[in-house]
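Reading through the structure tokens given below for one structure.
So that you can tell them apart, the chains are marked A, B, C and D in the order they are listed, and the count of residues begins at 1 in each.
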Amino acid sequence: MAKIVLENLGHSYSANPNGEYDYALKPVNLTWQDGKTYALLGPSGCGKTTMLNIISGLVSPSHGRLLFDGQDVTNIPTSERNIAQVFQFPVIYSTKTVRQNLAFPLECRRVAPARIRQRVAEVASLLDLGYALDMPARKLSADQKQLISLGRGLVREDVSAILLDEPLTVIDPQMKFMLRRKLREINRQTGVTMILVTHDQSEAMSFADEIVVMKDGLLQQSGTPEELFSRPQNDFVGYFIGSPPMNMINLEARQGVLATDALSLTHQAPTESSNLLYQMGIRPEHISLVDDTVANIGVGIIKKIEHLGVDGIVTLELAANVIIKAKTRKHTQMTVGTAMGINVRHNDALLYRDGVLAL
Amino acid sequence: MLSSKHFFLLPALLTLVAIILFPLIFTVRVSFSSWDVFQSGLDFIGGSNYVRVFEDERFWQSLKRLSLLSIISVSLQYTLGFALALAVWKQVRGGRSLRVLFLIPMMTTPVVMSVIWRTVFHESLGPVNDILSAFGVAPVLWLSSATGAFISVLIVEVWQWTPFMFLLLLAGLVSLPKEPYLAAAIDGAGTWRTFWQVTFPLMAPISIGALIIRLIEASKIMDTVYVLTSGGPGTATETSSYYIYIRGLRDFQIGYSAALSLVYLVIMIISLTIIAKLLLRTLVGKDE
Amino acid sequence: MLQIDHLTTADAKVSLDDVSFLFEAGKIYTILGRTGAGKTELLRALMGLNPLTHGSIKLDEKDITEEPIRARNMSLVYQQFINYPHLSVLDNVAFPLRRQGKDKAQAQALASTMLATVGLGEFLQRRPAQLSGGQQQRVALARAMVKQSRILMLDEPLANLDYKLREQLREEFPRLVADNDESIILYTTTEPREAMELGNTMIVMHNGSIIASGAPAELFANPSTKDTASVISDPPISFIPGFVRNRELYFNEGHQAPSEGLLLPEDGPVTIALRPDAIEPDGAFNAKIGLSEFSGSQTIIHLDFDFGRAIMMVEGIETFAAGDDISVSIQSEHIMLFAPDGRNITLRNNQHG
Amino acid sequence: MNKFYHTLKTIFLLGWSIFVVFPFLWALSTSFKDANAITSGATYIPWVDFEPSTQGWTSLFTTGSQGINIVGPFIDSAVVTLIASLVSLILGTLAAYGLSRFEYRLGFVKNSDITFFFISQRIMPPIVLAIPFFLMLKELGALDTIFGLVLVYIALLLPIAVWVMTDFFSGIPKELDEMAMTDGCSPIGAFFRVVLPNSVPGLVVAGMFCLIFGWNDFFFAFTLTFTETQLLPVSIVSLNSSVTPWWSLSAFALISVAPLACVAVIVERYMSRGTMTGAIR
């Protein structure tokens, strides 16, 4: 187990990076605590896989240092890093049984046979694979194979972190749910640090204690799911976290305040010159819709209602042609074309200056 | 009903049937005749040609020799081809020209190269004995001793066909996924373990394909033998094909050689099927 | 109008089992089902790609069961991003038009208009392999739509895309097919939310059969069988075995379940279905928290009761520690009851008034 | 440890390279020798070991009693190989496509049986076919003609084309041709408009294999031709049995293996790109 520190860590695939566009991963500082779960989240090509490969040792970073418990491992080969990894496609030793698969990392490290038997039994019971120990590993289903991959990491007592590279991609939708839960349980029972790479924000939100959002090789924000949701540091995080994305309403500076015709919510106007774009960001979940169209901060006409089951998404047109979306459970009682009153708590209306959180 | 799907298959199928089926049926018919130099034509003598086959010690000897030769040469080709493929697999510098170089022997005509090899193995004027003598080794009777001739044929076969193994195995290696290797590194497996636990199992289907193809081709060996040793000295390098050739096209015992070829064909099909099944079971662990 | 009667297939891993339906022009049908439910097989059978062992297909009163594929006036978008690798984006979309006999200039003009509509106006001369997954799927969509065929079929078109791209295309989809009033659109998906969001009519498939169909909201509110309820619920619906005795509802371990407003069936076993919104914090039931996870502004809490497992959804982001005890209430107005044979037997007082 | 492996690898590669190159270098050196240089035992380097002469090479292009004509056999070989390869490739590609996409059934015979029938032709030892071929071509009046050989070589090469292309087509998603059909192509149209343009790598590999096995065949050319038509392998063997000097023989051999050695460059390119793997399973 270890604390992982990324110290000014960056990577460029070209030898002499000219300008920031040459970086697959722009230099970043992060500290990951022992025993927690982390997610690297972003669209394809955002640098999350490069970051994972640097941690696993597949890629040697062009800048900065990587520390495991204070020890510099930047140039240490994968095999000596004490990490484990689960890949997108299940990797198993196809000629071996489940038991032999689980024992393999210990055999490679010349652990005593009695100790190997004991560890394999412990891990098998943790993963509920006890019944399958003597089956050929290749006969198992994809989700069980992923558990074997995970087990090969868990069986080692010295493992610093388990890296999960989109491990749920090839799993049946019905099994995804189960496997995600299993991963969380294992983290809780063993206290091993887990780092998940994914493009699926809901997967990241439900899995991780802390999420690192990335885009174009640049760290956007790192924080708990709650922080990312309620205080996205910029418009990209607001867009990427949450579905539907955060509503962004343009503001104008008038009489010392930033305001919009759409809602009677204002923010303090800045003192600096304001050639900048100011926007108000409101989560669809933070908008409450009421039948009363008078005692509220704005009125919108319902343009569209999407039923998503328990809850629904309502698209509204406000004054000045501003379109917003709201998420509600009362969608079944609404009809398109009617006017609804809109309420938003002032705390939930965030101010963005040129796309960056200003408050 | 002739639909578009027949447009694809029929031309090739009919061509092959027309070219192959007549000779095959004809061979079966001839094998029941006494057609030879003195009596050309299709009479009917029952199964006496087949009885003769089973009593023909020289044929069974040639079959034994052929099995030995093909199993040894194909094993060598596989081992060397795999080793070569692994050696140049990840090599970047100079790798391409080495790969091209290693492929060249399979592109050359076996009989033509055998003509060259004859001069190479020439016992007084050839370079091999010359070089060996520089190391103080006495001249080897490459082509005129039984063992020497067998080894010469083996060397030429290995030279000619290792590239074929190399080609198939390297093509397989370059298409392997990289994750299993990273996983093995993470699990702490060294070079040796990684090869046996990752590379070898992943390459098993390709290995089986390559081995079977080479065994099929090796069992037909005849060109090299014809040019290099003419089956000699004595019958030391006489393979089945070559023996059937002698009986059929040199002695002109058409009927008898037809029987020989059919027996040989049946043995080939049965043994190759068994070998394929065995390879599948040992390398892939299929349990059907 | 597309009428299918008793479609049955064999041979494939998943086969259709006596499927009949009437599709109307100008509507979007979403076909929801799990992997292996027969969605793809249905589309392929309609297209003529999978042979039928039984049944007939009628398009506008004309029997097309035996028509060759090219004459069927249908188009299909695959889950994998399938385009013609050797043709440029423009030629890809022009391809079906050329086959319809349009001349090159006309076909390319129509194709470039369609590509502009799907937002690929700048990429006409690229090869599909040079585009991202989302763009490739747009090309496939453009090629399917440009033909203006009577039936447009989309087989899980977004399944292989990134989460956010999926969201974006889902958002755009209604606009792309907005001026459609003659075609029948069939759209398969495994995601209940996608099916409900996009379809005028939702068709639920299970084990090769259509088990339910209707307006999405209506189907969600009153699923006719347990299978239907299970397929269309995301997050999952929890089924807890129970029974009715003396006009009271019980969970199997003997805990009485709330039944206010419910008309209970005769005494006997029932399955009590709890959607995530049926459970709320604080109340008479004790449970252990198995796991809590965030989903947007909601927190999903997995509960372990004495009598079974269920899922609760709480508005807002709240931290619940796994392993803790919690007391919850169960809202009888969100409970559904299913008979042992799977029929929905939920009856409420107000429905009778 | 690592260094040890590296040294071992280098020695192995070097040793094998020498083994591969050796017969060629020897033949090249021999082709510039004269009688003196040969009968005095093994010599290697021109000017140092012996005085080079070009008679080995010039004799190949001289006609008459002193010369050996290589031009005729070379053209015959090229014509037979190219025509037979082309026909096999066309027929084999069509059949492979049919077998990978449609279901054929004739009694108990299914697709896999037909594929096996094609490929099993490679098991057939040439000797089994040689005599009947001889008699058949004699009936057709095609003995000792290019036409006769082409016919036989088709039977020889067709299985190779079917084998390579079947595996190649199984790697092309069937959705591609299905899509062409939904876009208005007939099955045949789908093949020509969509599948074929995307099959170039497979066609190249299959074509190469046909050329290699066609060009290098000896036995059928040997049994089915005599004087009118003569292919390179047969002419060199007939030289070998006579009293032809080593220098002419070596020059002849080098010329006849040269064209196909160039093929190695193309094969290497396709192998390295990984486009050949479909052709193996």
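Just so it is clear, contacts are C-beta pairs under 8 Å (C-beta built on N, C-alpha and C of every residue); 3 or more make two chains touch, one makes a residue touch a chain.
Note that the structure is a prediction, hence the values are computed from the model and not measured.
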Enter the minimum step count from subunit B to subunit C; a value of 1 means the two chains touch. 2
A-C versus C-D: which interface comes out with more C-beta contact pairs? A-C
Measuring centre to centre with CA averages, how many angstrom lie between subunit A and subunit C? 26
Suppose each chain is reduced to the average of its Cα coordinates; what separation in Å results between subunit A and subunit B? 57
Please set out, as single numbers or ranges, the residues of subunit C touching at least two other chains. none
Graph shape for the chains shown, where an edge means the two chains touch. Line, ring, star, complete, or other? ring
Between which chains is there touch? A-B, A-C, B-D, C-D
Within the complex, which stretch of subunit D touches subunit B? 5, 9, 12-13, 16-17, 19-23, 26-27, 30, 38-39, 41-42, 44, 91-92, 94-95, 97-99, 101-102, 104, 114, 117-118, 120-133, 135-136, 151-152, 154-155, 158-159, 162, 186-188, 191, 212, 215-216, 218-219, 223, 232-233, 236-237, 240, 246, 249-250, 253, 256-257, 260-261, 263-265, 267-268, 271-274, 276-277, 279-281
Note: in the complex, subunit C contacts subunit D through residues 47, 49, 68-70, 72, 74-76, 78, 80, 82, 84-86, 95-96, 99-100, 143, 147
In the complex, the residues of subunit A that touch subunit B are 56, 58, 77-79, 83-85, 87-89, 91, 93-96, 104-105, 108-109, 136, 149, 152-153
In the complex with subunit C, residue positions of subunit A that touch it: 43-44, 172-174, 177, 180-181, 184-185, 188, 199-203, 205-207, 225-226, 229-230, 239-240, 242-245, 283, 285-286, 306-310, 313, 327, 329, 332
Quick check: in the complex, which residue numbers of subunit C touch subunit A? 34-35, 132-133, 162-165, 167, 190-193, 196-197, 216-217, 220-221, 232-234, 236, 275-277, 290-291, 293-298, 300, 302, 313, 315, 317, 319, 322
